[in-house]
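Next up: some structures, all given as structure tokens.
Look at the two complexes coming up: subunit A is in both, with subunit B in one and subunit C in the other.
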Partner chain A sequence: MNDPGITILLEGNRRAFEPGDVLTAEYRIDSLSLVDAKAIEASVIWYTVGKGDEDLAVHHFVRQTTDAGVVFDLRRPQRLRATLPSSPLSYDGVIVKVRWCVRVRLFPARGRELVAEVPFQLGRVPAAAVPAPPESIAVHE
Partner chain B sequence: MSRENPFSTRAVRPGAIAFLFEAGVDARSLVDRFLASGRRGQIVGPHGSGKSTLLASLAEELRARGIAVKLVELHDGCRAMPDEAVAQKGEVLMVDGYEQLGVVARSKLAFEVARRQAGLLVTSHRNVRWPIPLPVIYATHPGVELAERLALELLSRSRHPEAVSAAEIRGLYEAEQGNLREVFFRLYDLYESRSR
Partner chain C sequence: MPRFRFFSKKRGDRRTTSDIGGRIALAGFFAVLAIVGGSILAEVVNEMTAPEWRANHEFVETRCIVLEKYIAERADAPPRFRPEFKIRYTAGGEEYTTATYDAAGVYFSERATCEQVLEGFEIGQEYPCWYDPQSPSNAVLRRGYSWIAWVVPLLPAAFVAVGIGGLLYVFLTWGKSAERRALMQQSAGVDLFDTVNAGSRLPTVPSDRDVTNSPGTTLKYRIPNATPGWNSLFLLFAAIGWNTLVGWFVYKAVAESLEGKADYVLWFGLVPFLVSGGYLTFLAARSVMVAGGIEPTLVEISTHPLYPGGRYDLVIVQSGRLNVQRFSVVLVCDEEATFRQGTNSRTHTQRVVEIEIFHRESFSIERNDPLVARIELRVPESAMHSFQSPHNAVKWKLLVRGELTKWPDFERAFSLLVYPGRAGGPYA
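So, the complex of A and B:
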């Protein structure tokens, strides 16, 4: 779920990429109450969704922080640019699915961190076939 | 509204869904009980009854009070604590699956926690009284109503809330003899077969 206050835009509103493509995104903080954040992280990640153990890897990562006295102006849009790898490709399986997204995490001066994500497709692997329905279930009305 | 299967691991793992307490009890009152018990306690309940989820809720409450927490999850057949699972002074060590530890490992753990002036909160399938009796701060009781409430709530956030009926949830609960984790696995398959 995306927290309000962070907007991520993929260049050209593009949502499908091929390996080797360059993904460009712009992200900005919409709320003036958040511009004094301690840090902001932007990443291009993939993760699995499914029934068993989960996996996640960071392909590209940028962090801006005020820890070392660095000042950054979050009122201005920030840019992220990453060349996409050849694997893993997006996959819509039954037991496991591979998802790619651009994720931005904002660490405000006070309160909990905020997160926003924009999903995208990498490659063109067809979705898995519809599984056979599981065995019948006793229904208790 | 999520496009994902509402019963996927990320949606049902401990911490992802809130623990549903009995009336009159909440995370705050249980943490009060734990602290009043000298920072010792255990959560007791059968497989898949929500112990890990409750532990995650209590960890959140402890952290909100400024108390550091270290969580150790013991998997099947784990008879000893991992070497890196050492609590620091003032920290609360949470051990999920405490009953799997052997007696020697439990004795060593009790000694280490006392020596470091740390807290100890564990989950267990049964009330473990030896070598140190840990006060039972909560006993989880799975029930068909709880399973139905949780499953319908998860479904309501999905794109296909109609994919599984309440009657089917109750049927699965009975088939899996009250093991909520297994019920969620079965619901995952059912949702997947009906929503693609």
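So, the complex of A and C:
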């Protein structure tokens, strides 16, 4: 039997957003048979990458669970919609990087959990670099 | 074959240790803390706190005759003492003889304290005493509260609180995804000292109230100096402490040398300590000279917060009597990353923007003629906004630097906040 996979699609395959934009995504479990799962979580998050310890915050979170006896067919696309905040913007610094993504996590009834994520850019901050010796755009008196 | 590491090591985006293994170890640690702390707490409460409380609330008063008085000694190092009395009393029609004093059984470090207590009682005399109605053979000659019976339990109680709190955290977050755990922390995250706009329109962007609550005299706001003033004080105390310690060894070495017993190993070993002491003294003197000998730098700005692409008026005022070789104002942006290394927490800073916005060379500042520089500050269109999360930050500041003649150079930092936006304004 094939292991299930997770597919996440951002609407219009868009990967760049501005603060205040509405992000719409669809996610589904790719499996030929009905997936026996305890829960599925979909979230819009940012996290840091780089030299520092990872910081992570959740902007939008949806959890569907079968605990209450609700059976749902995960092969049918689920929809997620979130208005993006004004901060933090995506940032590709030298030792600090801020990344945004839509992450979907499936908790099967048996076996290891599955995770998939699709990154996207919030804002248009260009990558940082180690500066050359001080540049001057100064007013010289 | 998997290897076990005591300390996790970052490999790019992930850590090498197993999350589940770490959580089991953490649960074990908190469980041990709670169990050991609980056992000690139970013992202390049972032996000291509860008997004292019962003696004050439940024991029944009667009269007793003091038969003997002496000092009991506990063979600790150093030994500890306790006054004890052999008393005879009647309870419920029966006569009892017991050795007692107080309910908590407190021992003293000074024998003299016990002798004072003994002097308050005469053998053969009658005194009030209190016996336990549940166990009449148990009685005390002194009631009241001792601090030791109520303060000592606080230490094991703290262990129990940390242990139980840690276990609760581990079990509440057990089996939960990183996102759910983060969400729980965000929901519970109430930090009285947090300056970040948590839950506001601009999460992770620090509040600018430190700037906007300080009005300027020429422009709208005066930016507070962010250079920590305690640096000079710390260096000064460190230099004094270090050199006093090294000075004591030097004194010993000199004294031995004068007695004709020169210890060359000691002299040789002292050299690096003397060099360190000299360097520390140089740093402290320089820092104190800058802090005390150069008058404050005033920086005022036309508006705050700043936005990428924005242009702002700045006024820099430097007073005092200074012969300046070079005076400059630099806009900088630093990334700060805090990470664990073993059991330590370290912060690494990386400068990613450095733009000199003003400089002037070879001039003097007289007492009644301060340097007043009016500058236009342009925030780069590509600027990342100020950002603060628990372990990572992006910080903007103005650095005012002075290279002086016959005086140490100085650098003063003034924090600025750049908010997310474009073309000099916020996002619509």
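We adopt the following convention: the second predicted complex is superposed on the first by the 122 of 141 C-alpha atoms of A that agree within 3 Å, B and C clash if a C-alpha of one lies under 4 Å from a C-alpha of the other, contacts with A are read in each partner's own complex, and residues count from 1 in each chain.
Note that in this section a contact is a pair of C-beta atoms (placed from the backbone, for glycine too) under 8 Å apart; a residue touches a chain by one contact, two chains touch by 3 or more.
Model, not experiment: these values are computed from the prediction.
J.: Which partner does A:Lys51 reach: the first (subunit B), the second (subunit C), both, or neither?
T.: both
J.: Please indicate which partner A:Arg63 is in contact with in the superposed arrangement: first for subunit B, second for subunit C, both, or neither.
T.: A:Arg63: touches subunit C, not subunit B.
J.: Looking at A:Val130, would you say it contacts subunit B, subunit C, both, or neither? Reply first, second, both or neither.
T.: both
J.: Of the two partners subunit B and subunit C, which one touches more residues belonging to subunit A?
T.: Higher number of touched subunit A residues: C.
J.: Does subunit B (first) or subunit C (second) touch A:Leu89, or do both, or does neither?
T.: A:Leu89: touches subunit C, not subunit B.
J.: Just to be sure I read the superposition right, which of the two partners does A:Pro19 touch: subunit B = first, subunit C = second, or both, or neither?
T.: Only subunit C; A:Pro19 stays clear of subunit B.
J.: Determine, under the contact definition given at the top, whether A:Glu41 touches first (subunit B), second (subunit C), both, or neither.
T.: second
J.: List the residues of subunit A that touch subunit B in one complex and subunit C in the other.
T.: 49-54, 94, 130-131, 134, 137-141
J.: Residue numbers of subunit A touching subunit B in their complex, please.
T.: Per the stated touch rule, the residues are 1, 49-54, 94, 97, 127, 130-134, 137-141.
J.: Quick one: which bits of subunit A touch subunit C in the complex? Just the residue numbers, please.
T.: My answer: residues 18-20, 41, 43, 45, 48-58, 61, 63, 85-89, 91, 93-96, 98, 103, 105, 113, 123-126, 128-131, 134-141.
J.: Can you tell me which positions in subunit C touch subunit A when the two form their complex?
T.: Checking each residue of subunit C against subunit A gives 13, 177-180, 182-183, 186, 201-205, 330, 333, 335-340, 348, 350-360, 373, 375-376, 378, 382-385, 387, 389-394, 419-420, 422, 426-428.
J.: Considering only the defined contacts, which subunit B positions touch subunit A in the complex?
T.: 2, 4-5, 7-10, 165, 167-168, 170-172, 174-175, 185-186, 188-190, 192-194, 196
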